[in-house]
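Residue numbering begins at 1 within each chain, and the chains themselves are lettered A, B and C in the order written.
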Amino acid sequence: MRAFTRGLLGIAGFLVLWELLGRSPLIPAHALPPPSVVFGELVTQLTSPEFIGHVVATVLALLIAIVIAIAIAVPSGLVLGSVPAVRHATRAVVEFLRPIPSVALIPLALVMLGFGPETKITLAVYAALWPILFNTIYALDELDPLLVDTARVFGTGRLGVLFLVALPSALPFVLTGIRLAATTALIVMVSVELMAGSQIGLGYFIMEARSGPGRMDQVLVGTVVAGAIGVLLNNGLERVRRRWVAW
Amino acid sequence: MSNMLEVADLGHTYGDYEAIGGLSFTVRAGELVCVVGPSGCGKSTLLRTISGLIEPSRGDVSLKGSHLAVVFQDYSRSLFPWLTVQGNVEFPLRSLPRAERRVRAAEALEWVGLSGAARKRPWQLSGGMQQRVAIARALAYRPSLLLMDEPFASVDAQTRFELEDLLLRVRREHDTTVLVVTHDIDESVYLGDRILVLSGSPARLVADLEVPLPAERDQVTTRTDEGFVALRSKVARLLNVGKPSMDVEKWAEAERESLSETVSS
Amino acid sequence: MTKFLQRWTVFAGLVAVWQLLGWFADDPFFPPPSKIVSAAWDWWVLEPENFTGHVVPSVVRLLSGWVIASVLGVSLGLLLGRSDRAMEYAGPLLVFLRSIPPPALVPVFLLLFKAGTSMQLATIVFGVIWPVLLNSVDGARSVDVTKVDTSAVFRIPRWQWVLGVVLPAASPKIFAGLRVSLSLSLVLMVISELVGTDNGIGSQLMQAQREFDYTRMWAGIVLLGVLGYGLNTALLAVERRALAWQPRSRDEQHA
């Protein structure tokens, strides 16, 4: 409980610093509105259905992207992790694809997929694939051979071993991968909304607030809400991992 | 002979739990003193207060001279894997000029018979050799008191004998003052000039025994010497060994645990 | 050696298939590799000012942002990691700051620093500092009790404690963080260039898109992939040397 209080104090200290900075003459007033202003605006926005619509759009697209990424990456990870030949064969391809930043694909995705939600979901999926894939492969590497042998002794087949032994013991790593992927996907999602001008979403809200009336308080409201979504996602997934995967 | 270490009415409590309850004893210069007591009796708290790692709740620890070195039980953790054997021995000597550091490290490694391993990493050596590195590091520091915390509890029996003899030789040749904390009765009799027997928690001094054995000791003849056997039985009786008391049960349990830790590490 | 052959054969095979498909399909969105390579050649080799004016500044920004973030992240992380109290104060704040998508702050940085290099550096540093910082905290916490005691008993000086014990003990975790940060730097470099400037690989990509020049767009994407691969390989080589003291030689990990 005291640690919790200290944490709150830390955040409070940060807000005070920001308030002072925002009100100091060192920084142009319109560039960094102080938290008192931003939180006022935050309350206003949270009651506006339009803003809630943007938030829902982003979160929904994010969840869809994460589910698709899991559906692709976990099976691929299981195959790559348990069949060494496939893994070595595809290694160069994977190592080349992975470092391509998803944002570099924005122009391409825009011309191919247009300005709808498909673009941002596709790009977020691309970004979210890698942490899940690599954590799944890594988990299979760490698999205790004794467990496999035990299962084999009891007459479990290759597929049985995969689903009854490998997958459960890989689950904690996979969940960690999903947590990392969710954070990355959020970044990509908001970036794409910001730059590719889709018509709805938190990133779009931020861009509109900036380029139209230059309302920096609204920009920061969007930023704070995006950060909050990130914290919730991260903590929620961490809690899931601790609760359901206690081994 | 002057006193190297004087401990007066030393006591320590963690919250409500009293770990040490008023200990007074001295260690004379050049002496090797063994502290023996049941596991969990506060021996490591004693060691930590003497070495200054924790501030005792009451009482005084005064050490003649400023340097003090500790050899911990867990050699695999007390040595730094990113340094070579030589780097580890030089670790406490950073304030000295480089050339002197080299000389001291080489010297200390020679004392423990590891001159050839100076360039290796500690984890490339066997457990017994690693503990010799830790001893060399402590000796290179030229401590006025060398503290050892169950130093040979994590090595196999054969190695243990070798290390015991190494310790006896080194401290005789270099006139080092040593305080060994152990729960092994045989080891305390074999190594010590004096034995301090502690009771279970809170730790209190039960007996302060002189060891009536010649300075020159031998793993075979000393251990069958009448004086050795008699003293061992005496210490065992003081510690209540063989009587089915709770303490002994706990002690045996702890013993098994420390053994299984050794095996798994 | 057979593994090496195996993996590059598959890679070459895929490129060849793409080439054939590209020829036959003749789809403007998917130009064959040969066209991409020749576009890249024309763009950056035959017009070297494109290379020195766009690619080089991008890489310089990326690396300086990463280095600044790494130095800040490691020093702050080691400091926080060795004090439970400090971490209690800063922990929740760090979790929140880390969760902010850095591009969302680009408008703020644009106003604070004006468009240009300092704004781009700010974006990169803010975006990539968290993995290094949090991993350094983790690493600094992982110094085991025996090593802490050993250092205390020998009364080593403060600098030796930090540089000789905490830093090496934390280094495996720090390197894991550095790798994540490096690949993130590439992402943020592109983002900051898409909005912030008229030079750099990102702005060239945007320009290619506006001109519907898909071949150049592909060339840019491939260049970024090569860049990411090269940087990661270089860092891995450094890591392998720096962590050669580790008892178990670890398999190449992709964190």
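As a convention for this text, a contact is a pair of C-beta atoms (placed from the backbone, for glycine too) under 8 Å apart; a residue touches a chain by one contact, two chains touch by 3 or more.
Which protein is which chain? UniProt says A = ABC transporter permease; B = ABC transporter ATP-binding protein.
All values reported here derive from a predicted model rather than from experimental measurement.
Visitor: Name the shape of the chain contact graph, picking from line, ring, star, complete and other.
Guide: line
Visitor: Looking only at C-beta pairs that count as contacts, which pair of chains has more of them, A-C or B-C?
Guide: A-C
Visitor: Could you name the chain whose Cα mean is nearest to the mean of all protein Cα atoms here?
Guide: Per-chain C-alpha centroids compared to the overall one single out C.
Visitor: If we define chain centres by averaging CA atoms, which chain lands farthest from chain A? Would you check?
Guide: B
Visitor: Would you kindly tell me how far, in whole Å, the mean C-alpha position of chain B lies from that of chain A?
Guide: A distance of 53 Å separates the two centres.
Visitor: Round to the nearest whole Å and give the separation of the Cα centres of chain A and chain C.
Guide: Each chain's C-alpha centroid was found; their separation is 17 Å.
Visitor: Using mean CA coordinates as chain centres, what's the chain B-chain C distance in Å?
Guide: About 49 Å separates the centre of chain B from that of chain C.
Visitor: Within their complex, state which residues of chain C touch chain A.
Guide: 3, 6-11, 14, 29, 85, 88-93, 95-108, 111-112, 127, 183, 186-187, 190-191, 194-195, 202, 205-206, 208-209, 212, 214, 217-218, 220-221, 224-225, 227-229, 231-232, 251, 253-255
Visitor: Which part of chain C faces chain B closely enough to touch in the complex?
Guide: Residues in contact with chain B: 144-147, 149-150, 152-157, 160, 164-165, 168-169, 171, 245-247.
Visitor: In the complex formed with chain C, which residues of chain A make contact?
Guide: Residues 2-3, 6-11, 13-14, 27-28, 30-32, 85, 88-93, 95-108, 110-112, 134, 137-138, 141, 183, 186-187, 189-191, 194-195, 202-203, 206-207, 210, 216, 219-220, 222-224, 226-231, 233-235 of chain A touch chain C in their complex.
Visitor: Okay, in this complex, where on chain B does chain C touch?
Guide: By the definition above, chain B touches chain C via 48, 51-53, 68-70, 72, 74, 77-78, 80-83, 91-92, 94-95, 121, 123, 141.
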